[in-house]
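Each of the two complexes below includes chain A, the first together with chain B, the second together with chain C.
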Partner chain A sequence: MRDSHPTLKRRDWLKLSAAGLLSGVTVPWFESLAAAAIKRPRGKSCILLWMDGGPSQQHTFDPKTHGEFAPKPTSVPGIHIVEHLPQLAQSMDDLAIVRSMTTEINGHYDAKYFLHTGHKRTTAFEHPAIGCIASSQVGLPDDDMPAFVTIDAGFDRPDGGRLYRSVPAYLGPEHAPLAVNDPADGLENLTPTGDDIDARLKLLAGSERRFAQKFTLPAVGAKQAAFHRAVRLMRSKRSRAFRLDEEPASLRAEYGSHKFGQSCLLARRLVEAGVSFVEIVHRGWDDHGGAAKPIAYRAPWMDAGMAALIRDLKIRGMLDDTLIVWMGEFGRTPGDGNGHFSKAWSTVWAGGGIQTGQVIGKTTEGPKSPGADIVDRPVTAPDFIGTLCLALGIDIHQEFLTPAKRPVPLVDKAAKPVQELLG
Partner chain B sequence: MKTCRTCFCSQSLFAALLYLIVAFPQSARSEAPPYRPPKNAEEAVERIEELGGAVRLLKRGSTDFEVDFRFASGELNDEHLKYVAALKNVAVLRLKRTSITDAGLAHVADVSTLRRLDLEETAVTDTGLKHLARLAKLQWLNLYDTGVSDAGLPHLKGLSNLTRLFVGETKVTEAGVRELKKATPKVRVVPDRAEARRRAKLVVEVAKKLLAEAEKQFADADREFKELDPRKDELKKKEDAAKKHFDEAKAKADELGKKKDEVAKKHEAAEKAAAEARKLSEAKPDDENLKKQAVESQSAADEAGKQSDEAKKQNEDSQKQFDTARTEFDAAKALHGRANGAKKKQELAQRILDASRMRLADTQRKLTALSE
Partner chain C sequence: MFALRLTGIVALTLFVVFSGAIPLTARADEPLLERDILPILTKNCMGCHGGLVSSGGLDLRTLPAMLVGGESGTAVTSGQSEKSELWKRIANDEMPEGDGREKLSALDKAAIKKWIDAGLPTVSQRQQNVDSLVAGDEQHKVPEVAAAIDQHIGQFLKAADIQPAPLTDDEEFLRRIYLDLAGRVPTAEQAVAFLDDTAPDRRTKLIDSLLETPEFGEQFGRTWRDWVCPPELPSTGNAGTQPHQQARAFGSWIGKKVVAGEPWDQVTREILTVQGEIGKNPQVIFFALVGKDGTTTADGSARAVASLFMGVQLQCARCHDDPYRDWSQQEHWGLAAFFGRSQGDFSKVEINKGPSKKPGEIGIPGSAFRNVGSVVKASFLRGDRFEAKDSQDLRQPFADWLTAKENPYFARAFVNRVWFSLFSRGIVNPIDDFRELNPPSHPGLLKLLAGEFTASGYDVKHLIRCICNSQAYQRASRVAPDIDDQQRTVLTTAFGRMPMRLMTADRLYDSLKLAFGDPKLDLRTSVAHASVGMAAPVGDALLEFHRRFGTNEEDATDFTHGIAQMLTMINHPRLLRGGQSLEDFRKKSPDASAEQTIEWLYLSTLSRHPTKEELAEAAEYVSQSADPTAAFNGVLWMLVNRSEFLLVR
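Up next is the complex of A and B:
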């Protein structure tokens, strides 16, 4: 009767981590049979397409008439993007472009921090990243699958500054992301080696209990919690979501053989399996030396992956429940895209029930330096994070306490979410 | 279950099994508990959670619920759906990938408040759809990857609130959809294959155009690479020589410019002196000495004028030579620069060409798939 033993032991060591090291720990769901509480609203899932380094807006979604890439018509009359993204152009009715992002910070790391958290970086404490916020606020509580997953979608060139890593900060270590290094490989070390996993776990539980009693530090509880979640994921049927080889070859081809496309396909699978926030990171958009040629060779795989994702979600009826956001930490200098440019740049939104088929905000036209400034509807980093939170169903007016007991709003109080997107 | 000789043995075996089923309902290999009519809504929620389902508020501040069986751990059977009918205000029911069948839809139809029903990847067929006709409030029906076909769609004709219908990966055809839309014109059906084909054609056209451009640019870059790259060293020597020549021409032009200015100054001074002398002479017309001095002054001034003209001409010539040298130097530098950059340019053009080829192949394949 081997079936009974794993659950008994699972109860034991789950109780261990529940024994009080972590604040706000959740009770294993099979122990809440009698509780029968109605759960909080599910909110939406989010797939964030992070183009690290700062993609040039004039070579993608905000081309200018006499620029290096001419504006070309899309499936929505009046909206033009570059010719190099033809699939996305034909999906424009499912997209919304915000062209008036204006975010002050031109340095890579600080800008990445600002756009991931909605707060300026300070030495006093850390703010949680949007993926961790989603995990905490709309993630499935106490689930087999992690609520937040990051996927490495490859690497183009060595510039772009230090990579930003999402931290949960005061939301709790259980909201840190799970990282996938290569979508084709899925999750490494998912199957335990050997038959004695239960015996080994029992041994570990004993020593962990003794260690935890001796050293009552948050880091200890965090590490143990992370380990237990990993074991739980290993035992779950839903971990098959990490296996791309279960998808038909024709669909994998449609997303494109580039890591980015395969990451998008993996993201769809993860969202289906209950993950709330997937962040796909492609590094290398920091095109000092001109954006035209690099974007000409990146556009095909970016177009294929992102458009295939939107089409695939749509045909499965998942698009309304899944928000997609395409962005970097800033844009690039108008004209050749040679330098960083945070004054006037673009983000692109799809799904999640937002109002698509529109452009929000404008940048200046010619004849002198087109795109050098925004014309209207400024969208700052707090505005952006506030909009994203609202779109996912997160209450932006909450406050949290830092470790030093200082109250911090989830979203800056001055933030003005983009209502035109939210409808 | 093997029955033993003694009552006691079979009883304990039964008890053990019962213990397992009741105490560990979530174990992957055991069966889900059978349906027991719930006493009230709270108990129905408990039973649903026992099965791995979730009952959620639809939105903050709303009184509508969603019942979500997508991550149900046990095998969900048709009878279990009766729990949903025991709840009030259920607006959304998610049954994606569950093991329910057409018979289960009879119980779903009792959930009169249902606005959204997700049946993707279930064993539902045309027969099951007839139950759904009772769901007067239904707005959204997802039948992606189920066993439905054109024959089942007429059952949906009475659903006047239906605005979204998903029939991807089913045997439903464009003809079946057209027929349904006659009765329910408001409904948007996904996918719209005709529209998808039209857009895919446009995409292929653009991919062809961009490929043609990429091919031309690669041809240019490749030609330049083959012509100039082998000549890199030669062109560097030429640039260095042109620079030397340019530096020399500049130095000469500067030198002659200075000389021209000096000589012009001398001429100006000489003319001034001549004018002075003439004035003095005219004041005393009978003075032969003054007359002689005036004449000498004037011829000195004329001589200085000639030298000034000569220096001006030399300066002009040197300026022209300097301009020529500069133009030649710029050209040599540019050519050498092109030669240096030809390899990188060709590699970039190759990357763009490869990506463009792949784009055309991929988008053509998609169009073909849509046209089948």
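Up next is the complex of A and C:
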């Protein structure tokens, strides 16, 4: 069992800041790491493509013979997805589809919580989101770059329930995500607007040092450590990873001009620079009124962005170390995709060393309401989170202590990870 | 003046007492539970034997709980370590369990053995007078109560042989009291007015005047709003609308009542018996905030009322008898039955509707694990069953019972919350977990405050006035450099020093607004997103500030900010640009020297004069700049980025 708030670390920081390292002017900028590829001693990184609102499985990765979207063959014989995703169909060798997600909860917010944490929401305390878990478990400790970044890829309908916000809960605030609100803008407040920042930081440094000497308290050490990390990120050449305009126009075009594609490209840059977990959220997949029309409209940019991401990572030799997961909080009712449906839906996996070119699980075929049930290999939310953790190299049998000293398992003990994916 | 002299005399007496105390580090006497043993147990054992999880049925948080013990019987036998399970298992390193776990050090083991053999001494036992000191049914003068508070704490410290921290200087006190009572730092002018005041009762006068300001009401109200609901509010169904405006209005409503002098029992009654539309009754939102998905629930109401107004946790008892808290599932649903004949949402509460088929009876719903479907009759906690009459609003008799003078829960729950809000720690912790096996750290103090609060007719301002005038509240947060984590924790939990706290989002926001002279301070960068439908990721400026700068409600000493918050403080264009109030000051005082302007900036952010060194550094920085306006704004930027600004001493 691990206490998630080691005080020792803070005290180390205190010493560090007392030694004058927080000034920002006197610190070497750790640039030696920037040029070389980032080594990941602790595990893999992950890009989560979150289709907020619940995408219809039958209009994407689990089409049915007489469904609204016809099944089309892919590069893997015997596996069909909808015809609207031609680039992904060509990349099927690099994809694994899990068609047997079954997750109980049909309400947006509770389902988002369940699929992000692997635990059902309770009033007693909060569970950490998967991105925060990755930050704490595989994030590069004491790095210039943050371990967890979320990217808002916009929306195309104002629905889909309350937005879920990843919280680190008992893992500690250092594992909270940094949010990018628009991929084109990069990280907000990363760059000072004035030219006076060095002089200002210098002016601050002296008084901070004196304060830390006078008040030898954890809160002071923690403040100065957080400040120091912010200044380090600001100064680091690697923070240029937040700037999309450094990418060649041709590659930006390949990812597609839509915010989603650009978010995928930004995610690749971030992972390359050492970020462990990137969550891209595209809102508006709550297709009440039928999924066919809106998904026909969304499919081209989704197809382009996701397929380009996989190809690009592969070319750079990063695909095996970068897990990609495409999903929402649930699927949609079989047929027209009008309603929420948590009983039998799909997630898509790529990279990260998982076994691709396969389909796991199976939903019922016709003639009567095809897809209404699972016929093979149900995967629950805890199974899902457990699999994701294992794929990243995270020990799923750990327990943590909440602030109230309640031990909680990181992953629900009932979780049965999908070994077929992990190989 | 008499009042003040009295405080002075008490202070003198206490001083004499404390000056004889041995310093914290060198101590040869017997170990004491609170001072020497609990810190060891907290660090090494509480993870598995500390309440919510009590492995083997054992809870080590309090002496009564240790004596009750677990499955292997009592954990400690007074005077006989060799017969005590706790000692046996620690001695042979069986505990802490697990190969990877660090075992207890020889020093810690020796302390525990010595403590058991010495007969389980506690600080509380050593205290000679744990009764309330000022007893009786009538209200007392503020200095009398303040002195009694200090006597309780002083006795505890003396019994534990702990040297308290010195009193704050005026600058520390000024900033602390403004942040606690007005929810923001003082303006430079307010700071100067107090710091230049030489009257011996200047602190008392400041407390009195702040308690009459609307800002005190706002601060008090939002503290309660945060207790009622989590920062991310519930929302209606899937539509996702969170009633932030309404929750704020509810907080303001509470605050206005309290500033106007409305007694707490009356405020409570108006909340608990509300009906009608939210337009006229902002408190309507209460029941839906503590319900589920934007609608009221009887059990949600019961749990919130128990936690907020009675100081007891019922959440586990919803589904089963709570093995750690003595509450039965019957008691939980018995309380819920009082709320089973009213129903509402974010906009209204109606009576004679709701889950109760018959008034005063409620069925345990399918979402509870045990006894689903069984019908429970309304009954007061630990009290008599209540016979309901038809079409009666059962919340009325419940409010009568709750706010009655002899109710054992109401006053103590409130004073403990108020104490927590001022000291970042309750007399009972967690603040809503009063029960026999979780006794108060200072029982006499709790009795004193609850008694005084009741006798004053539930006068909120009187209670706060008494506490803020005490020396306990006015102690410094600084500790000697050689003091270790454990000693500091003990000193803080004994109320021998004030912990250093992180400003809450509300206080930081209001203080920044003031420092920058910008009442609409907006630190969002993506305002364009604000108008995007129901799933809008960006709320108004205040909500987004809250989301970004929210703090740990349970532990104000926890510095929760990270890179995102620090980057906002360092680089947000609004903060880099500088302040309107600085501009106003320079217009009003065109002859002010650089030093005077810097001094004014220090006063309006850190509520104190700069030291000579600080003044020289800032003047040097200003003199190097060609643009004095930009340079002064640079000083302002430096001041709000200091640890001293974000933290409350």
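What to note about this one:
Definition applied: the second predicted complex is superposed on the first by the 347 of 423 C-alpha atoms of A that agree within 3 Å, B and C clash if a C-alpha of one lies under 4 Å from a C-alpha of the other, contacts with A are read in each partner's own complex, and residues count from 1 in each chain.
The rule is short, and it goes like this: a residue touches a chain if its C-beta (ideal position, glycine included) is under 8 Å from a C-beta of that chain, and two chains touch if they have at least 3 such contacts.
Just so it is clear, the structure is predicted and the values come from calculations on it, not from any experiment.
In the superposed pair of complexes, A:Pro367 makes contact with neither chain B nor chain C.
Legend: residue contacts after superposition of the two complexes on their common chain; A:Pro77 is shown touching neither chain B nor chain C.
The partner of chain A that touches more of its residues, comparing chain B with chain C, is C. In the superposition on chain A, contact of A:Lys314 is made with chain B only, not with chain C. Judged by the document's definition of touching, chain A residues 1, 3, 7 lie at the interface with chain B and also at the interface with chain C.
Taken in their complex, chain C has these residues touching chain A: 46-48, 50-53, 98, 232, 235, 237-240, 242, 293, 303, 315-316, 430, 477-479, 481, 485, 488, 500-502, 525-526, 529, 532-538, 547, 552, 554-555, 557-568, 570-573, 576-577, 614, 617-618, 621, 624-625, 630, 634-635, 637-638, 641-644, 646-647, 649. Across the interface of their complex, chain A is touched by residues 16, 20, 24-30, 42-43, 45-46, 49-50, 54-60, 62, 65-66, 68, 70-71, 118, 120, 140, 142, 144, 164, 166, 168-169, 190-191, 199-200, 202-203, 206-207, 209-210, 214, 348, 351-352, 354-356, 358-359, 362-363, 365-366, 369 of chain B.
Residue ranges on chain A touching chain C, taken from their complex, read 1, 3, 7, 52-53, 107-109, 123-124, 146, 152, 155, 157-163, 165, 173-174, 176, 178-179, 181-182, 185, 187-194, 196-197, 199-200, 203-204, 206-208, 211-212, 214-220, 222-224, 226-227, 229-231, 233-234, 283-284, 286, 401-407. Contacts from chain A toward chain B in the complex involve residues 1, 3-4, 6-7, 29-30, 32-34, 36, 38-42, 72, 75, 83-84, 86-87, 89-90, 140, 143-144, 237-238, 250, 253-254, 256-257, 274, 293-294, 296-301, 303-304, 314-317, 393, 395.
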